[in-house]
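Just so it is clear, A, B, C, D, E and F label the chains in written order, and each chain counts residues from 1 on its own.
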Amino acid sequence: MNENTPQGQGELTHFDEAGQAHMVDVGTKSETHRIAVACGTIRMKPETLAIIQSGTAKKGDVLGIARIAAIMAAKRTGDLIPLCHPLALTRVVVNFNIDTSISSVTCTAQVETYGKTGVEMEALTAVQVGLLTIYDMCKAVDRRMVIMNVKVMEKYGGKSGDWIAEQIESSPD
Amino acid sequence: MNENTPQGQGELTHFDEAGQAHMVDVGTKSETHRIAVACGTIRMKPETLAIIQSGTAKKGDVLGIARIAAIMAAKRTGDLIPLCHPLALTRVVVNFNIDTSISSVTCTAQVETYGKTGVEMEALTAVQVGLLTIYDMCKAVDRRMVIMNVKVMEKYGGKSGDWIAEQIESSPD
Amino acid sequence: MNENTPQGQGELTHFDEAGQAHMVDVGTKSETHRIAVACGTIRMKPETLAIIQSGTAKKGDVLGIARIAAIMAAKRTGDLIPLCHPLALTRVVVNFNIDTSISSVTCTAQVETYGKTGVEMEALTAVQVGLLTIYDMCKAVDRRMVIMNVKVMEKYGGKSGDWIAEQIESSPD
Amino acid sequence: MNENTPQGQGELTHFDEAGQAHMVDVGTKSETHRIAVACGTIRMKPETLAIIQSGTAKKGDVLGIARIAAIMAAKRTGDLIPLCHPLALTRVVVNFNIDTSISSVTCTAQVETYGKTGVEMEALTAVQVGLLTIYDMCKAVDRRMVIMNVKVMEKYGGKSGDWIAEQIESSPD
Amino acid sequence: MNENTPQGQGELTHFDEAGQAHMVDVGTKSETHRIAVACGTIRMKPETLAIIQSGTAKKGDVLGIARIAAIMAAKRTGDLIPLCHPLALTRVVVNFNIDTSISSVTCTAQVETYGKTGVEMEALTAVQVGLLTIYDMCKAVDRRMVIMNVKVMEKYGGKSGDWIAEQIESSPD
Amino acid sequence: MNENTPQGQGELTHFDEAGQAHMVDVGTKSETHRIAVACGTIRMKPETLAIIQSGTAKKGDVLGIARIAAIMAAKRTGDLIPLCHPLALTRVVVNFNIDTSISSVTCTAQVETYGKTGVEMEALTAVQVGLLTIYDMCKAVDRRMVIMNVKVMEKYGGKSGDWIAEQIESSPD
């Protein structure tokens, strides 16, 4: 049986002392209520945003479809991210906010579980796939959309405790 | 048999005239050699970047793992993006460039196929999952990483022809 | 952190008060032993049924293959149904009953878990894929098969308690 | 190299002469434009249907979500049905029709490809998952919904030629 | 656009000249009829083999289930093997041969496609998952089963031409 | 509700008394810490092994990629093996050992969970896909590689208790 010795501080936990990747042992971590909130933004031409806005109200619901894609992607995170633990999620909420001043849509995903490891990756994956779905549906009219500012906003539960990103960090770019 | 009438200009092709989503008909498009190049960047603390750099050279190969995750994700695009056509990719190349001046890693993915529809979504999905994998492996030492500037850079083949993003657009943020 | 207010009675729980879909919060529900039984029927030509019957006995085991497909599909439910919670199933049993009087095969699936949410969808998905697999294997000799009467029969565990469909409801069509 | 002898008439093609299942050889079939249309119905309480109808118009878009699930499921058919050939679909259209007279929703899926084998299974899988998604979203208010009358309606292309189900067969139950 | 220079002889094609993995470009390869045959063996206690044999004849069809798992796994190869190209298979045949003299079951898989790259990996994956499924179903009565001698036997089509493993190589262990 | 009677001793638990496959009921088993270790070997030409060895040190990291594929495959076990229970793994460690004396690479996988059923299948699946990935990346230079001696080495937890394969059994071939 393999019994890796603990790693030194500041090292990446996904590698053992020989530099080999592994799915880290979370067996002895306690099962707590874990929440993560992530967000990200897609910027586009004002005309593109106008189509999304009219669609949401009347027909061609881009954001409704992107929301479903984001929720489904959260469930696929363990399949996509190599060293991520598979988790039974207990809640996924995805919202989109339109900001016409900078012609953008911001996706926010909140994911929860009761488990041995956090759900930041699930929240980030939901955001990424939600924004990619918007790109897919609008690319015929706007090739120059850019996805930006994807990050974790809040994190609750687990040994490292609660954490909220400082606001100043919300717009590094 | 359903025969939707063509849509007006400037409308999103993923919806029919009643605003209902569909996977658009690409059956009559010609099979051409299609290439798409996408890129995106993850910004982090200099200490985090230093760990990635030392790992690549010696042990704990974060970028090598992220590259594999990106390539595998390109193959899963049709599973993740609701209205995306499944495609048999003929080539996927993923590269990472480190920029210590802004403490970031940029992922570039080039995807190719001989088919009836383009591969921008596959290239973007590879980039997104490559960057997410970096986030996953470094999150224990740096929660504040931000993914930014994810976009399509080049596109070849298909009816709309070749297209290269203007350089000025490369850094909107 | 998002704290949706509870919904009014008679509303669909998969939408918040703004009508936006989410994967509902089951985190506070208790982990109980949950069982669901679903069934459904495929009707076909007597000659088709005769082939299935001879196959089961001697060679070409249509129902054996359909059973495996049904069991595997139960495990994929969370991947297929957008707002369904992923669940670690503890038992899946699938049976087929032949009724020569109406030339049909009925599939019954019983699924169990110890978890925070019910398994009706897993039982229904198993039934649907089991019946689809029969269709697939027999379609070369019978295009006119019809799948009918797919429904939940019994449900045990959880806050809403035990429930058995009344017999009269077993044949609405 | 295995060279199975052809089967006798009236036998199931998914089995060889020893009764062993295989994924049949379609290599020598010609690549033609193939279309399949399938449909199926879910019957429910009038109150449940009323909620779906109000949701479609205003908020809580059950049918919009079911449509996305159906389209995505069409792409997963080869993963679910054991002996089904994987196919690169070129078009998927899913529609829902509400019939208040019998308090039901009918899902119709049209799937197309240019390939060596037909797409009936993809159309049927789309219908089944579309109807299951409606069940999932409404089950909190109506446990007694029944899925019925799932079948192939039309089929075009391939060696066996075009085929349209006779109307009388549309309502066997 | 990335244009890697060709590699030197004797090097692994899955890496570029900088040692970075990629999914190699098969776009310019011709679409030919490609066939691969792979096989592998699982050795077990004679009592275990006796149970499998009785099951096949009468009930508890271990090999029938392993065959289905093997066929389905062939379709999942591109999802499992990181640098493998996704392929639309046109035929999959899986057989099992029992050898009571050494108390073993040998699985042989033949996979075919018309495409730009070979199907050895698909044949090997089918064999591996077929044998694993036998292990899974028999492990309650025999923990010491061993899988051995998994290899490619024959290969047809493609630039490198036809190839049949020499018989002496069939039993290296 | 189906209540199968227990089976006679020496029978395969994956079948009920009628010989029909099911996913066995593990609901009443206790959640214990479960560990399984499996291993397997791929034999190749000395020149091929030399390329792998130079790659690991300098560029073209075959074993690093095979390790990632193995870890990801462990998470997919329930999708591949028909009657396997889905499990939330808490740890996956994969190692490769090179033996130049017999020109081979041995893959060892240790998988852990806290759950109601063991993880031997997950460990074996990781080993198989790890070895297949080596085959895939080296097949251009060596078609005659053989995978052998894949087996469970150690098993801890659960009702049947701890178990270690006797050394003599390590080399049956």
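Just so it is clear, a contact is a pair of C-beta atoms (placed from the backbone, for glycine too) under 8 Å apart; a residue touches a chain by one contact, two chains touch by 3 or more.
Model, not experiment: these values are computed from the prediction.
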Path length in the contact graph (chain C to chain F, fewest steps): 1
Candidate from B-F, C-F or B-D with the same interface as C-E, over half of contact pairs in common: B-F
Longest centre-to-centre distance from chain D, chain (CA-based): F
Separation of mean Cα positions, chain B and chain A [Å, integer]: 16
Distance from chain E to chain B - Cα centre to Cα centre, in angstrom: 31
Interchain centroid distance [CA atoms averaged], chain D/chain F, Å: 36
Junction residues of chain E, two or more chains touched: 20-21, 61, 64-65, 68-69, 72, 76, 79, 82-83, 88
Arrangement of touching chains [line / ring / star / complete / other]: other
Interchain contacts, given as pairs of chains that touch: A-B, A-C, A-D, A-F, B-D, B-E, B-F, C-D, C-E, C-F, D-E, E-F
Touching residues (chain side chain F, partner chain A) in the complex: 33, 35, 37, 64, 67-68, 71-72, 74-76, 88-95, 110, 112-114, 154, 156
Complex contacts: residues of chain C adjacent to chain E: 61, 64-65, 68-69, 72
Chain A contact footprint on chain C (complex, rising order): 1-2, 4, 16, 20-27, 78-79, 82-83, 85-88, 115-116
For the chain E and chain F complex, residues of the former touching the latter: 10-15, 18-21, 40, 43, 47, 51, 55, 58-62, 65, 68-69, 72-73, 76, 79-84, 120-121, 124-125, 128-129, 132-133, 135-141, 143-152, 155, 163, 165, 169, 172-173
